[in-house]
Structure formats: structure tokens, C-alpha cells
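This is the structure I want to talk about, given as C-alpha cells.
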Amino acid sequence: MGTFIQLVIDGLSTGSVYAALALAIVLVNQATGLINFAQGGMAVLSAYIAFALTQLGAPLILAILASIVASLALGALIEWYLMRRFERGDPDTAVVVTIGLLTLITGICAWIWSYDNQIFPPLFPTGTVTVLGAVLSFSSLGTIIVIVAIMVLLQVLFVGTKLGLALRAVAINTQSAAFSGLPVGRLLMVGWGLAAGLGAVAGILVAPQLSLTPGMMDNALVYALAAVILGGLSSPIGVVIAAWLIGVLENLAAAYIGFIGYDLKIAVPFILIFVVLIGRPQGLFGRKAVVRV
Amino acid sequence: GCSRGGGGTSSDSVAPSPGITETAITLGITTPMSGTTAGPGTCTVAGVTAYFGAKNAAGGVKFGDGKTRKVEIKPLDDGYDPQKAKANYDQLKDSVFAMTAGLGTPTNRAWREAAISDGVPQVLVMTGDPIFSDQKQSPWQLGFVPIYQNEGEAFGTLLATSGSEHKVAVLYQNDDYGKGYVEGFKKGIEGASNITIAEELSYEATDASVDGQLTQLAATGADVFFNAMSITPLVISSLNKAQSLGWTPNWFLPSNTSSPGGILQKANDVSVYPGIYSVAFTKAVQSPAFADDEDVKTFLSDLKAYADYPDTPAFPHCAWSYQVGATLEQAFEKMTSPTRDDFMKALRSISDFSAPLMLEGTAVDTTADGQPAVSTVFVQKYNGKGYATATSWE
Amino acid sequence: MNLHFGGVTVLEGVSFDVEPGQVFGLVGPNGAGKTSLFNCISGHYKPSAGSILIEGVEVRGSRPATLARHGLARTFQHPALQLRDTVLENVLLGAHTRLPGGPLEWSMRSPRTTRSEKALRTEALELLERNGLGWAANVRADELSHGLHKGIEFCRALLMRPKLLLLDEPAAGLPHNEVEQLIQTVKRVRDEDDVTVVIVEHHMGLIAALTDRVVVLDHGKSLMEGTAAQAQSDPRVIEAYIGKDAAGDAA
Amino acid sequence: MTLLELEGVTASYGPVQVLGGVSLSVPDGGAVGILGANGAGKTTTLRAISGTVRTGGRIVYDGRDIRGMRPDRVAALGIAHVPEGRGTLGALTVHENLRVGAYLRKDRKGIATDIDYCLALFPQLQNRIRSNGSALSGGEQQMLAIARAFMSRPRLLLLDEASLGLAPGTAKSVYEAIRRLRKESGIAMLVVEQNANLAFSLVDSATVLETGRTVLTGSSAELKGMDEIRRAYLGG
Amino acid sequence: MSTLTAFFAKAWVRRVTVVVIAALAVILPLVLPAFANQTIARIGVFAVAVLGLNVVMGYTGQVSLGQIFFLGLGAYVTAYGVTQGWNIVLVFVLSLVIPGVVGLLVALAAARLGGLAIAMVTIALPIVGVPLAKRLEDFTGGSQGLSANFSKAPAWSTLYDDQWQLYIVLLIGGIVFLLTRSLVRGKYGRAFAIVRGNEAVAGSMGVSPYRYKVLAFTVASIIGGVSGFLYMVVVQYTSPETMSFGHSITLLASMVIGGAASIFGSVLGGAYYVLVPQLTNIIDPNLTALLQGAILLVVLFVLPGGLVSLPRAIDRLSSRVHRSATPTTRVPAIGASPATRADAAAVEHQIPSPATTASDPAAKRPPTERQGQA
């Protein structure tokens, strides 16, 4: 029993890593209609920026804030100079552009900081709390709390605020939105900027756990995408829950279902997606998209 | 097919093989320099480049035929993709004298047969796959690092002869690397009734976390943890996770992920573990214990000066490929004619060579069939600063 | 026949019969459920209750593609063309069910496939020509103005050689003289090709000139059934649909 | 006073020029119609004004040249465009669509009142206030597009076949509402409309386009009197 | 409009091009150096893989992130068959039938889902495929992989191995390309396109979106299997890394860079897949990722339509130069009567360039690849 609960808790903290990235993906998708493969790479770059600042002697908290601000700007610049050209065109091309961006950013990180593992200073004190007989490290707990906070913020942004509405409107139909006076270009930049800032938070949260390498997020990206599809592209709460679900079920399946084991546990989220989407094509919490003829 | 120059199969002992002139010799490397294994991959290039960089700066290497040659290294990135490794080999084979130091089992296997049929040396490669050291199957090949089985077995033997009861938890990387270790370990404990394996779990090299596995293993209450893991961040997080679960077994870590500076000191507090064991044949360059070692100092300054590698490497592969350089030099010095054939003969006749950075008691020996250039390993125990050879279980 | 979406009832107890060779009109205010009714017939929506019979065969729950293969063709209220293809390619899509041969045969280009493709290409060109769009055959659809898209869709549906043709607001966006032409075309199609037509339209002039019978829908229920003239003078219809003061000049 | 003046406006899609010189002017508070066959360039003319097509010539609005200005800047100047076809934001609800329409406005109270006004004008929308825009029927989407343009409280309204797909009664009341708006708040408008009866009920004057050029301009009464126009647009 | 695209649209130019290409295919392998031959053969392998991806994604619009899995599967089947000593023709057939069947089964389930969900199901193929290949050690050789040496040039041919292998790739690849090219034009091309464009309309045209998605996916899997066979011909070794997820992403990028929904674009995509790593290796092997990312972005930034749109882009550039010299007005159709409209149409498509004749409307824009069987 103790092991079971511990496995669940382990799953939650791994799931939180996926959730962090998934939220950034949702944000960009809601604001631009794109799936951004570069999100993980951008998060890694942000983490490196924070890392470099701490190396220069900046206090951790300051380095983090500076990195978030820098990421906001970087996201906006990427939109302005690069993505702008592809936003109206074929979505496949835009996705491939984000893939190129991912490769480029990975390359830049490797070039500047090499492929060596860099140790990112921990954000939370070492130590653990005991929950129902299972241990939960402060860092996992902290990550979970931050994720929940961001999730709530995003939900409020999308549903409750004028900015959120405008961001969504632009993603749906730029021209229609422009006819209502929405500053399309600026909103797209804001969308990318916010997502990059959020990605920075994700990167900084996971960097101490995974230790910083240019490819740190590559694997998490696949899980994050799975969580995004499973939870429903439009729902921050949905993707976080989906990410946790994936983390937990994966652990349990590996431990308790013999033939899956730890090597095939990665199949679990996909089986889950498949089963869920057959019944609910919009994902667990997504809004059903109506296509009329 | 009329435009073809001489292939690589020349057995004429007078005509020099490709990639060697009166004044220079070129060596090719295909290794991952991008992607997940880029860290160790770049290291394999850096070490050998640094070694020969220093030699070249000092005038070059004096070959057995009396000529002094500069050694050039041509590295290509294969991104751990067998197909690209083969392409790189195809690209290099007519312009280099020999291929060396490349990292990875599938990437080396992809062109092993081509190298055999072309007669191109594929030597001192960084894989513990035994096939590369089997002379019958692989006449043009030779591995460098100890085969994984040796490392696992050394630890298994130590444990089996400890005279006390042990319960072992095993976590291994799901590939030939991890499986090789486990296989060796099991061979080491074969027939020893004092050892039981409580649980054996695997993980994927791409996993972001192994917390689940550790939780499950901790639940067995094993007192020895055989952790055949090659991913640095995962080793660090494992050390932390086990501690937070209150599970403090004796650890075994493989040679390439046991670095004191790169790993153990970056974990929260490894002193809670009664013993951390590893196997090694190389001085741990990050270890404070070796900070004043002449070998280590030269090595690090060569890396900086000739391989553009300013940091102290987090991977042991830099040191290994530095030793590859030294071993190659030995072979060059014995070569009497500039042919690949002669090179292979020379290479296979090195014994008891103490390459730089080697731990006392280990040596390069290329004369034993079925074994790579380095096959002796020591089990070591971490003492809070560095490793000390452990001859018996304490 | 009933249709629901979530809690919204779109169609409720609608029934009518269409005789072969008729042009049958479907009118009603916006959101009455006309297009939804089409969607039910063509298999895009699944009604929650009721039945749809085509030549006496129950087709409720059949897939659109199956129905199309059995002679049902339709146009869409909002034209859905392949904007990056030429008009001719768009129309040729209508020939899909009439082209013989499976994928293997087509990838080997058997003589049969080449022949049939050629024949239908000619037929499509003729069809465009007859509808005054011959000049546009090789123009990309997105280079044409909106008003012409309806005509292309119409040709595409005709190339299917349907037995039953559903037209959703074919006259929307056409200037007056074009509407006249459309009326002639539909009449000709009905007479020459023996097609039964069901038409949704807000252009009362067209309804009056073309239809044999109409059903007026309102809020998913059928308000009345009869001839176009009867409908136009029915006070309930005027109230719900035409608008009191508009009754005069909408005719 | 003229609010909008087009002079020798040309426009092209890629390499193809489709407007070869359109001139017209809309007085402040006035209503001008554009007539023409399919493909004559009516939609393109409106697009030229709202900045969604590459344009040449002169487009002066309220004393400043707005040619080539970005669509959102044009909208910010008080020009609302009801585009051809479905102009709704499909994944947003009806209510959200209306809020987007009022994006540039700050007066919360006024927005709320105007939403109520629009819903009263289009009772069908009231019933579907929480539905996605894409679920609406063709006519309902058209209503929503018009309502969204109203929500921005424009000075100049560009209507591209606003009655498309509307039931006769509804079309009538929409035009009625537009007429009222014009009277109450002095909105000027440029109207493309195939249903010439409706159009002439609204506009004071009209321009006839043929092959991308202005060929005729005149008051409603003048045009209604012309045979050619009758035959092509009015029937009979 | 000018020059390039119009030139290649001419029938005789096309015919001559075909003859020239065929002649080159026969002669070049004999005269090129070995490494060039090997490189071209590798390009062929991945061109076929990209072609398969194009069928399901470029033409039918179903995002597939799993194409590399079918290449891997085809390679494993080939390697296993060869090591078991089966007849090579049988091995070839199996190397496309087995991936085809697996693809069919996956598609039967996946095609029920739309849009991104399909992407997720297909992403799972390589991601689960790698550990699965490791687990099925008896068939796959586990993580040590399988070698299969079966593509040595037979003695009678008096060819070098690389020449022999290149001929095999050119022959099999060429046939696959021809068959696919015919398939994506005419009836099936239009059907795939409408499934991509609008599933509701597809249904009304008698094209069942579900069945055509399954068809496209199956065809893609079969083509993937063929590329796997060719992979073994050229590389002669396969391991789980062959089908790693990253390669699938690179395939996708190659497809878009070559040109989505384009046959020739697939060849360019294959070339991109193979040549860019070689190029970055020449520039600096330490900067692979950085250079590859930069190259990809630059290419797409300049040619968002992929490499295949290069002639069109050049045309646009040159015609822009042209036009600024001689401003012209197109006269669009008027609606007065069909007759005037037809007349106007003739004028409408008159594009001011000395290179084309007035009555050649097709020259206005290059036809999409799906157009026309003629």
C-alpha cells in the first residue's frame, strides 16, 4: 500500500514536469493556433539564461526573474521576425518552422554551454514531507504548487479577461479579428511572449531535477504533447490533470502490469489518448469544435 | 566502373594505404556530436584531438618506419544514427588511414562489416560490445573500453566473496550497455549462495525520471543497489530520490557515471550511503584526490589548448579517448611500413602499456583475443573525495 | 424526424414526401432547421428519431459517401471548394463515383482509367460551358469572386448524375438576371436528366417560379405544406418568415 | 462634407490587378451603394478600403490617406467591415463574438446596452447566446457578423452583401435597423448588395462597377430610372 | 509570366526531361565515384520514405509522425528474412506487405480520430516501436541490431557494390515513384485532396473520409516498407535507433522543405534529409544542431512552399521586375451575358509577357501536381 501511494505521488511529480510544458503549449496554441515544438527548446534556453546569470553571481531569484523577462522579449521577437511570415500559410509549414527553431535553439545552447550537464541550483530547500506514509520532496511539492497557480492564472486569462478573449479571437481568424480593430500583430507577439515566459518557468522548475542539458526537454515534450491532446487543447485545467494522469498511470502500469514494465510504459499515455479520444474527440476537458457544412 | 582509384583492400606492402603520407597521417572519427549522446560523443573527439594536438605541437609522432608525421583528426557527427555513421564512414574511408574512438554500439556496428570488407581499421572504439574485440569475427576491429560484462563481473565477484548475506536491487538501462553490466554481474555472483537478487527493473535512456523504479526497488529493502545507469542527471536524481525515500543501500555505479565532481558531489548528500562502489581504470579527473596529479594537469591543459574544451569534462570519455591517442601512438611507433595491415599488426602487439591517466595496476593490453585494449578494472570505493581501490568488501 | 444538439432541439416532428421529378421547396426563417434537414438527408447529421426513405429505402444513419454513391447530390449553403485547384478539377470531383477502378488500377494507369477520366473531363467541360462557366475552367477557384462559387458547386453536383439533388440557397449572392438563368437551368435539369430537386431558398421569386410544392419550417417544426403561392399568402408564414411589411416587395 | 473619398483606386491579388480605377465618395452620414455583376470588383473595393488587399490610388478617410493601412488600424479609425461570407469567430460563443466586436471601446455600460440592443434586433441570437459561432445557421452567422460590426460603434460601415442568406423578413428588419442607426447616430455607409430593392431602400446614391472600374454614379432615383439597371438588378 | 515554369510546362520539354533523367539514371552510376553513388542511393531511400509521408500527409492532410516506424519495420523484416536465408523476392514482398498490414491495422483505429489525435497515435509508433524492438530480441537482435549483407554485386554484373546497390534503389524507387505519381493524380488524387480539404464535402462526393484516410495511411506504410527494404540494401544494418522518433520529425521537415503534396518535392526532401547532415559535417561537426536549424529556417523563410517552389519564386521575382517596367491592367469578366464573359475571359488570362500566348490560361499559375492525367 505504501508503495502504491508512493508511486502515485512520484507520478504526480513527474506529471508536473510534463504539465509545465503543456501549459506553455496550450497558451501558444490558444493565442496563435499553432502547436509549437520549439516550446521545450525555448524553455531550456530560458533555464540556461538563468543559469548563466547565477554563474555571474546574481542571486537565484533575480536570475529567474531576469530570465523570465528576457524570455518574454525573446518569444515576442521570434514571433515578430520569424513566425509572422508563416502564420497565414500552411499550418504544416509553420509547425516545421517550430521544429527548425527547436533544432536551432538546441544548437545555440550547445554552442554556448556545451553538451555537458550543468547543475542548476535548486529552487526549493532539500527535504521532504510525508503524505499518507509516502514521501514528497519539497521540490516536487513546490513544482506542483507553482503549476497549479499557473493553471489557475491561465484559466482566468482565457475565460475572464479581455486580453485572453482577444488572443483567442486572433488565433481563430486574424482577418475577422482585425476588422474589429484587434491589433493582430501585437496580440500575436503578446501570445508568444507570454508563452515563452511561461516556458521559462517550466524550464527553471525542471532544470534542477533533470540537470541542465540542451536536450533536457526533448522527452518531456512528447509527454507534454500527449497531455495537451488528452486534456483538450483549450483547457489549462484539463491539460494539467491529463499530465498528472499520465504520470500516475504510467508509473502504476509499469509497476503492476507485468508485460508493460518500465520499457513499454511510454505506451500508456498513447493508449489512454486513444481510448479517451474515441469517445471524446475534443479531449477530456476540451470544448467541442463544431464544424458545420 | 572505370573511374575508380585503388580501393581500400590493397595488400601490397610497398604502396602506402590511403590517409598517410611522408609527413602526415589522418584518422577519422564518427561519433555523436549532436543529440542525446552528444556530451560523451564530443568528449571522444576532444580527448584524442587534445592528445595529438600536443604531439603535433611538439613536432609530431615518430613512426616505426623512421618518418615523423603529424596526426590529423577528422571528426564527423553521426547523431547516434547508424545510417549516418555508415555514411560518414563511406565518406571518410578513402581519405583516412584508420577510423578510431567513435562512440556507440549501433553506430559502430552499422559499418563494421563494410570496414572488414574494405580493410579499414576500426580501432579503439568506445563500445563495450564484445564483438569488436573478437578477432575472428572482427579482424579489422578492436574495442578500447572494457566490455561492460567485465565491469559488472568485477563488482559481482567482490560481492560474492564478501562472506555476508546480500539482497541486491538492480536497475539497468534498457540496451546492450545496461544489459551487459547485469549479465557480467550475474556471472560474478554465479553460484554464490549469499547473494539474492530482490528485483530487477529497467529504464529507457530517454526517460525524464526513474522515481517510480526507485520507489519499487526501495520497497524490497535491498542492501545493495546495482545501478547500471549511463545518464548523468538520472544518476544524480536517483541518489537524491533514494535518500528521500529513506533507502540507503550500498551503491554500485558504472565507470562512466561515477565521477566524484560531476555526479556524487552534485547530489544532495551521498554520505548517507554506507558505500558507493564503482569500477575504473582511469584517474577521475574531477576528483580532488587527483587535482595535483601531473597526468591530470597535462590532460586538462591539453584539452583546453588543443581541443577547445575549456571545462573540466563531466564525462570520462575525454580521458579514455586521450588514452586512445596514446595507444595509437604506441602502434604508430611500431609500424614499419605505412599500410593498414602493418598498423593492425602493430596495434595488436601492445602489452602492458601504461597510458596516461591510467590507474596503477591497469594497463593497455591488445594481445588477448576476445578482450578490448583495456580489460583490467578495479572495484573502487568512494571515500568522500575520490575513489580508493577496494580489494575486499568492508 | 427529430434532431437534437445537446439541449437544443433543431428539428421536431418534420414529415413530408417528395414525388419523383418534383422540385420541392423548403423555406423558413433563419435557424429554422432547413440546412440541418438537408444534413440529415445527406447523412451528415444523425436524426435522433424518425425515418428518411429514398425510393422506399430507409437511409437514416447511412454515411454521406454511401448515399452519394446511391445517387444523392447536394450543394452547400456556404460553398466549399478546393480553393487551390482549378474550377475544372473541382467539378471533376463530382465524377468520383462514376470513375471505375481501384487504387492499384489507377496507379498503373490502366487504359480503362485513362479513358474514363478523359470522357468525364469532356463532360465536365460541357457542363461548365452550359452553365456559363466554361471560360473559368482553368482558373483557380480562389481567383474567382464569391458569387461564382455557387455555380461551380452546382456543376459539381450535376456531374454526379444524381437522382436526388439538394440545393442549399443556390441563388444567394446572385444578381437578378443570374437568378433568372438559374431558374431555367434547374428546370432543364429536372426535365432532361430526370432529377428530383429539393431546394432551400430565401429568394421568394425563385421559389415561386420553380417549385411544385413547398414546406415551411419554423423552429424545427413544419408550419405548413402546399404550393408556393399558398405559402406566400398564408398569414402564419408571413408572420414568421416574410415579415408583414415586406410581404409586398419580396415577391 | 465627404467622409470617404476613393480616387482612381487600383487593387491586385498577387500579380493580377483586378481594380483598374474606382472612384467614389461617401458623404458624412451618407449611404452609398455599389452595384455590379459577380466579379465586378465590389468586394475588392471594400477590401481596398479596409486594407486587406494590395492597393494603389488614393483613399482618403476623414481627411487622411488610409491607403495601405493595416486592417486593425483602419478599424481603429472607426471603419467597420462586414465581410463577405462567414465573418464569425467560430470557436467563440455568440456573446464572446459580440465582446470582440466591442474591443476598442472602453465604456462597459455602453457595451452591455449595445449587446442587449443587438440581441433584441436578432432574437435568434438571443437563444443561442452561449453557442459557438460555428454552430449557427448560415443566416444566424450573418446576423452575428452584422451585430459585431454594430458593436464597434463605427463612423463608417462597410456592408458586403449583408442580406446574404437572411430570410426576407429578417433582411428587411436588418436594413430597417441600419436605417435607424444612420438616422440616430449619423453613421455613414458603403453598401454592396445584390438585392437591389433592399439596397435602394437604404442608399442615397450608388456606383456601378464593371470590370474593376467605376462606370456610372448617380442618385438612387436616377439609377432606378435607367433601363439597363432595371434589367440587370431590379428585375422587370 | 515568364520563363521557368512555363518552359517546364511544355510537353516536349517534359518528354525530353524524362529521357534525359532516364539516361542519367543508367549512365551516372557507372561514372560517379563510389561515395557519390552511395549518397545518391541514400537519397533514394529517404526520398521513398518522404514520398510515403507525402501520400498520407501532403496529399491527404493527415499528420503522421510515425513514418519512420514503417521504414524501420521494413528494414527489420528485410534483415530478419535475409538472416533466415529466405528468397530475396519473398523478403522484398514481405518487407512491404508486413508494414502495409500493420499500417492498415493502425489506420483502421487511428482514422476514426481526426486532426491532432491522429498525430498523437502516429507519434506513438516510433516511440513505442523502439523499446518494442529491443524487447523482441529474437527477431530484432535487440539493441545490437541486425546486419544483413545481401546486396553485394553479383559476379556476372561486373559492377562494384555501390553501383549495384544504386541500380537497385533507382529501379525499385523509380517504380514506386511512378506508381505513386499516377495514384495521386486523377480520381484518387482528387479524393485525397478533398479529404484534406473538407471531409463533409468529401462525403457528399461519395468519398468516405474514413476509408480514404485508411487507404492513404496504408499506401504510406507500404511505401515506408519499401524504403525500409532499400535502407537495408544501402546501409545493410538496422537497430532500434533506425526508427527513433527524431528521424520521424526530420522526415516530416524534409517533406515540407522538399514541398508538400509534390512528387518531385519528395526527391528534394530525400536529398535534404541526406545532404544537410553531410553539409553541416563539412562546415563544422560541432555545430550540427545549430547549422541544421538555421538551414531549415532559412530555406523555409525564403521558400515557404518548399524547394520545389524555387522555379515559381524565380518567376515571381523576374515578373516583378518585368511589371514595374510595364504596368498593366487585367480586365476582369463582366457579368452582362455569358458571351461577353467568355470574351472577357480570353482577355482576363492574358498575362503580359512575351513568353506565353494569350489563349493559354493554364500558364497563369502552375498546375498543382494533382491536376490532369494528360
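Lettered A, B, C, D and E in written order, each chain numbered from 1.
Basically, a contact is a pair of C-beta atoms (placed from the backbone, for glycine too) under 8 Å apart; a residue touches a chain by one contact, two chains touch by 3 or more.
What you see is a predicted model, and the numbers here were worked out from it, not measured in a lab.
Across the assembly, the mean Cα position most removed from that of subunit D is the one of B. Ranked by distance of CA centroids from subunit C, the top chain is B. Inter-chain spacing, taken between the CA centroids of subunit B and subunit E, is 40 Å.
Subunit A and subunit B have Cα centroids lying 36 Å from one another. Averaging C-alpha coordinates per chain places the centre of subunit A 42 Å away from that of subunit D. Per-chain CA centroids place subunit C at a distance of 28 Å from subunit D. In subunit E, the positions touching at least two other chains are 131, 134, 198, 200-201, 286, 288-289, 292, 333, 335, 344.
Residue positions of subunit B touching 2 or more other chains: 34-35, 42, 174, 204.
Across the assembly, subunit C contributes 35, 44, 76-78, 80, 175, 177-178 as residues in contact with two or more other chains.
Interface residues of subunit E, counted against subunit A in their complex, comprise 57, 63, 109-110, 112-114, 116-117, 119-121, 123-124, 127-128, 131-132, 134-135, 198, 200-201, 245, 249, 252-253, 256-257, 260, 286-294, 296-297, 300-301, 304, 306.
Residues of subunit D touching subunit C in their complex: 13, 16, 37-40, 43, 84-86, 124, 127-128, 131, 135-140, 142-143, 161, 164-173, 194, 196-197, 231-235.
Residues of subunit D that touch subunit A in their complex: 50, 52, 70-72, 75-76, 80-81, 83, 87-92, 96, 99-101, 103-104, 132, 134-136, 148-149, 151-152. Only residues 162, 165-166, 168-169, 172-173, 175-185, 234, 287, 289-292 of subunit A touch subunit D when the two sit together in their complex.
Considering their complex, residues 1-4, 33-35, 42, 45, 75-77, 79-84, 86-88, 90-91, 94, 105-107, 109-114, 129, 131, 174-176, 179, 204 of subunit B touch subunit E.
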